[in-house]
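Each structure below is given as structure tokens.
Each of the next two complexes has chain A plus one more chain, namely chain B in the first and chain C in the second.
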Partner chain A sequence: MTNNRQSILSKLTNPKYIMVYATIGIFFVIYAFGAFMYGDKGFMTVRTFVNLFIDNAYFGISAVGMTMVLITGGIDLSVGAVASLTGMFIAYGTTVLGLHPMTCIFAALVMGVGLGLLMGWVIHYLNVPPFITTLTGMFFARGVCSLISRESIDIHHPMIDALAGWKIYLMKYSAGHWVRIRPIAFINFNVILFVVMIIAGTFILQRTRFGRNIYAIGGNEQSASLMGLPVGRTKVLVYGFNGLCSVLAGISYALYVKSGWNLSLQGGELEVITCAVIGGTLLTGGVGYMIGTLFGVLLKSVIPALITFNGNLLSWWGKIATGGLLLLFICIQRFVVTSSARKK
Partner chain B sequence: MARKNFDVSSLMQSKVTWAVIAELLILLVCFIIRPDFFSISYQPSTGMLYGSLIDIVNRSAEITIISMGMTLVIALGGTDLSVGALVAVAGAIALKFLRWDVLTYNTPGDYTVCPYIFVLTVPLIVCALMGLFNGFLVAKGGIQPIIATLILMVCGRGVAQILTDGKQFTTGYSPFRIIGQGSFLYLPMPIIITILVVLGVAIFTRKTAFGAFVESVGVNPSASRLSGIKADTVILIVFMITGLLSGIAGLIYSSRIMSNDSNNAGLNFEMDAILAVVIGGTNMSGGKFSLAGTVIGSLIIRTIVTFVYYFGIVAEATMAFKALIIAVVIVLQSQPVREYFAKRAARRGGESR
Partner chain C sequence: MPQKNILEMKGITIQFPGVKALDGVDFSLREGEIHSLLGENGAGKSTLIKCLTGVNRMDEGQILLDGREIRPSGPSQAMELGISTVFQEVNLCPNLSVAENIFVGRQPMKHGQINWREINSRAEELMSRFHLNIDVTRPLSYYSTAIQQMTSIARAVDVKAKILILDEPTSSLDENEVQLLFNVMRELRANGMGIIFITHFLDQIYAVSDRMTILRNGHLIGTYGINELGKVELVTKMVGKDMDVIFNLKRAEVPGDADYMLKAEHIGDASHVKDISITLKKGELVGFAGLLGSGRTETAEMLFGASRTVKGEIFVDGESITLRQPFDAIKARIAFCPEDRKRDGIIGDLSIRENIMLAVQSRKGFMHPMTKQEQTELADKYIKLLGIATPDCEKKAGELSGGNQQKVILARWMAAEPKILILDEPTRGIDIGAKAEIQRLMLEMCGEGVSVIFISSELDEIIRCSNRIIIMRDREKVAEVDGSSCTQQDILKIIAEGAA
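Presenting the complex of A and B:
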């Protein structure tokens, strides 16, 4: 029994989790700072916390796929454009062509997953660097967006309205019956999708053969291939899965803003990569956890929240703070990597 | 005879050859569809030559200048994502110096508030220092270049916005207009600047040992350190050059629009510059680099854009065409395809012998 507990303890103190702990720790430090500074303005409420999820669900959903791509040692720059294209599909399809949203979503899924699989194939079998391949994919998706329409299109469809308006109010038990907590906080479809994707991503990475192959390829692609692992298939599927995540992120974003615009989510791919890096994923591949990515998203989204609560700062400070955070995390990563290398 | 066979085969293997062929093909298509595509006329009122070809070279100036630095960075085995943000920073600083008094004088006239020399030098110095910061993180911190430069990419535009208080200044100062819209020897000024930059970088890398140092560090940093090359210094210099060149591109860009636009100045320039370098035949994993190839790569990108404008397709949709043509170029350049063609060329050479 004691032995078992020790093994759990030693598992938890494994140095490979240090980055995840650092992310979680810094998130709580910044959150506590916000609570201390703006607690009287309502920073501490459940509503503010839940809003971190609601306002950034689309980044989070995309970050799940991005984390996997980064673990294989690749990169995907097309996610923002593919998500934007999904929004355009839904908006143009329902509003202009009068199609059912499910048809549009299905078309977007085919497009996103197909593009992802194609890019994975080019990366592995034609040996083109991921950066260039997915950059071309980004240009392509962005260009098609503009071919569809250069104007922002509103989405009006009963099903989309119902899905976007659907919410679960958070309740508390007081004086014998359940009442909505004040200020009112709710969870919507996007938040549930985000959490489900994080759980699914964790399961795939930690509990399936596919997930172990991903880590093996990121650790050393050549050894993985010599060990007889299906390197090509895994890489192609990872990019396909990331395409799926981009489409889901696009749906989530379309529900969030209820419109499609050809220039929406511009630069979104770098925000997503930033979330993953802050969450402890190494761009060299082989290291990364979904839980880290989750807190990476929260950490990145708590900064704009702080700036909003402050009310006097230009929103540009948010970018600078994100850059500072990146620098901090890279230094921590660097320190962890060198100190663990020294131990060996 | 054997020598000649070898040449054909290696020519087919070379990525630069394919880039030149691609550029010529695109130009040929332009010529077939619009026979006046190659016409160049002289406009006495401005003292400049006009024509699509001149326009392509002129408009590609910023990307060509930046991609000279980017070639060296990629030869080192890295990428610099911050160049687009540095373009915005350079523009913001230049316009800040030109129009510091924006509250008192609201009309953008033919004057500058600070001495003109500051307008030109301070942005370049700041950009070079920012490049040095990137280089410091890579060389001394041992951080992957793509992440090290991601920092400035994320916060560079924020810095530009805060420098100008989120405002967009415009100016009418004529010496500043010359940089982007003036002419010299019948050619637009950006072309002259580009030629000077390309020659400068070429002489610096090819007439000194620096180019060889860069390639050596790109192939194997520790081996080159052991053979006495100061890898850290090489990395610092390369990133500083890239920062400086981004600054020059930033001045050209803001002089073209006579304004600063921290949101859109240099947007996606890092992507275009990296593409130009890769199309030009420099391998992203580092090592040998080709400055001439990069110039052609940059021209290809701009030719595609001009091509699409010419045929009245909406500006934003250029990206889709750019993607399609680049995809073809990349597939043609990819290792399996090149090996296939080289093998065929070698076989045909063998038969004729």
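Presenting the complex of A and C:
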């Protein structure tokens, strides 16, 4: 018997990976462009690379949950508001009410996961489109933010300060000693949380039945239920998990800016969706990989970095470039989908 | 030797609003048996299956599995009980790999993780039992419908099923694939599985089944051994009326000097069809024969403007026309019933009335809307004329059976009073009674001067109806034969060998 499965080439040319290749490829092209143009200004340093993670960790954490939601064929517009509300919980709880941050985080988790589960339940069992349901969730969460406070509240708490200030310096071995690399580069709690979430997300999607059910639902929800898969439970849990990711993103953002503000992260949900989509996740569902989302986050964040290095461009060019990328990826997706449909 | 009954259904009655879908039906299935379930559309076959798999609740009756009473609450519970179903439409996930489609929901686990290695190797083993050596890690959408069908059977078989229900599994398979499927069915039978087989191909019933049960209008007509009942008797029992109608269809009569309604000269599209020439006279019926993928559908789509003709010329009624989009064809009074009626033809959420008047309205233009009363009259006329089984014209088209949906599409184009009607597999997946009706309607339209192009995979109906038959192979027209003087063997030979 010819065993074509084990051929590595055949594995790698599997058409399902095309989108991920496109993302990774474009990221490296843009990065190489940056290195060519601004290599002398320090674009090629480890620091620049690590900063891509540090400055966008909260988007990345949220994108993990968003990727799963998108794979089911759904969408969640509430993530920015829920993350913002998490920040408000922590800021108001610690600074105004004098609560321990862990208490606030626990309350935020209950709120975020609970809202996610509720939205999932409404979407599946009441058959309300995800767009509408989560739009409602977004207004709800944003409303509660403003109810708590309409002013920005600084966060001052030893535990938060410690967590936000905690960092691991990247070292290298030279002349018999471990020394910090120059220019100084470090990773912090947010980066670790982001990477852990990406790994956890990959594990869930690729190695658990729950994850595979997510793909099956995105492929064809009716078939999935005829195949006896727990469609309702899976969908509710996916939105619940996304709620969890939103809260973690909110914590990460709070650590990043060390304050809570009712209007923070407005439009954040769209940035998160953008990360997932340029990472190769199909908006129609059924296709998407965490590794793609990781590179989607990096790709989206490398553009502002380039603009900073250029120094002469207005930052709005970043938005325009991101829009262009999004358009490019949607066109590639369309092309991949139609060409695979034609093969039938 | 009396075998043990694995399944017994007694006195099953299901009441739908306004109609008794099943009325006291008994059915039994033995261990190691292939049992065909027969009946026209609407006879209650699907309802019986849905009752067994828990999709529909029965109002009266009893289901015994291995002597124990069961009441499955849904397909997944039925599956746990050992009742697996493979539907006509492939109910799998196109984005998942072949292997995963077989195992999703019950993946083998190792250390709390999905064991992909085992999934892939077991899937490969299962597919090779069907003599398919394919890369099972590729997405399902990468493969043909036949392989997708085999995948769903592999899935059903691998669940330790005692009962396998095959609902029209062969309608999209070619001859070799059907034989492959039959071999698999026989092997499963030898292992003691009970198989319920639903098909509208009579030959296949005789080729593979042990017994058959016939339903008509929700009533049990009887259960027979395969040798107890001949084909004609069987059809008579299914349809409940004389079959003379079917076997006495007369070809359209075309006078030798009739005008050419359609002439296509050396047309080809961008990718599929190279060079085809077709002529069609007024009131003539031309059949397109050929295997799936031979270019029949692509040619029809060009003639309807659904795909771009890049070379050659098309004349309608003597005038050269350019078909850029279906609207151009509708203006030229060309009508097209596509092959996949669910996807391209019927709009399930619209009522029968709205479905019927679509093409008329499109031709009239939206500036001249028809009144509701005109529409209703029009719809009622065709419902009566075509014998569409529905309480009224406001029923959603998606709720009709396949044969009735086909009639609605036919009515849509008849109402538009076309000069040229192209029918792509109009009789696919519908029962023999409805098939005969459709054929009769086609020929009646020819009698009224409409020219018809009839595409079908079933050679007997092509030969029965066509004046001329165009035979296609590998995206080319290889021969044109006279419908009255050729036999199935002639055509098969041309399809197989390519020589005229």
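By our rule, the second predicted complex is superposed on the first by the 338 of 344 C-alpha atoms of A that agree within 3 Å, B and C clash if a C-alpha of one lies under 4 Å from a C-alpha of the other, contacts with A are read in each partner's own complex, and residues count from 1 in each chain.
In this text, a residue touches a chain if its C-beta (ideal position, glycine included) is under 8 Å from a C-beta of that chain, and two chains touch if they have at least 3 such contacts.
Just so it is clear, the structure is predicted and the values come from calculations on it, not from any experiment.
Chemist: A:173 in the overlay: touching chain B, chain C, both, or neither? Say first, second, both or neither.
Modeler: A:173 contacts neither chain B nor chain C.
Chemist: Which partner chains sit in contact with A:322 here, chain B, chain C, both or neither? Use first/second/both/neither.
Modeler: A:322: touches chain B, not chain C.
Chemist: Of the partners chain B and chain C, which touch A:286 in the superposed model: first, second, both, neither?
Modeler: It touches chain C, and chain B stays clear.
Chemist: Looking only at contacts as defined up top, I'd like to know whether chain B or chain C touches more of chain A.
Modeler: The partner making contact with more of chain A's residues is B.
Chemist: Please work out whether A:224 is in contact with chain B alone, chain C alone, both, or neither, and reply first, second, both or neither.
Modeler: In the superposed model, A:224 contacts chain C only, not chain B.
Chemist: Just checking: does A:206 make contact with chain B only, chain C only, both, or neither of them? Give me first, second, both or neither.
Modeler: Touch status of A:206: second partner only.
Chemist: Output the chain A positions appearing in both contact lists, the one against chain B and the one against chain C.
Modeler: After superposing on chain A, no chain A residue contacts both chain B and chain C.
Chemist: Which part of chain B faces chain A closely enough to touch in the complex?
Modeler: Per the touch definition, chain B meets chain A at residues 79, 81, 137, 141-144, 146-148, 150-159, 161-162, 165-166, 271, 274-275, 278, 284-285, 314, 316-324, 326-327, 330-331, 334-337.
Chemist: Which of the residues in chain C end up touching chain A in this complex?
Modeler: 75-76, 79-80, 87, 91-97, 100, 104-105, 107, 109, 113-114, 120, 124, 128, 133, 135-139, 141-142, 144-145, 155
Chemist: Could you pull out which chain A residues touch chain C in their complex?
Modeler: On the chain A side, the touching residues are 1-5, 10-11, 14-16, 203, 206-209, 212-213, 215-216, 218-220, 222-229, 286-287, 340-341, 343-344.
Chemist: For a test of understanding, state which residues of chain A touch chain B in their complex under the given definition.
Modeler: 75, 77, 122, 125-129, 131-133, 135-140, 142-147, 150, 262-263, 270, 273-274, 277, 283-284, 314, 316-324, 326-327, 330-331, 334, 338
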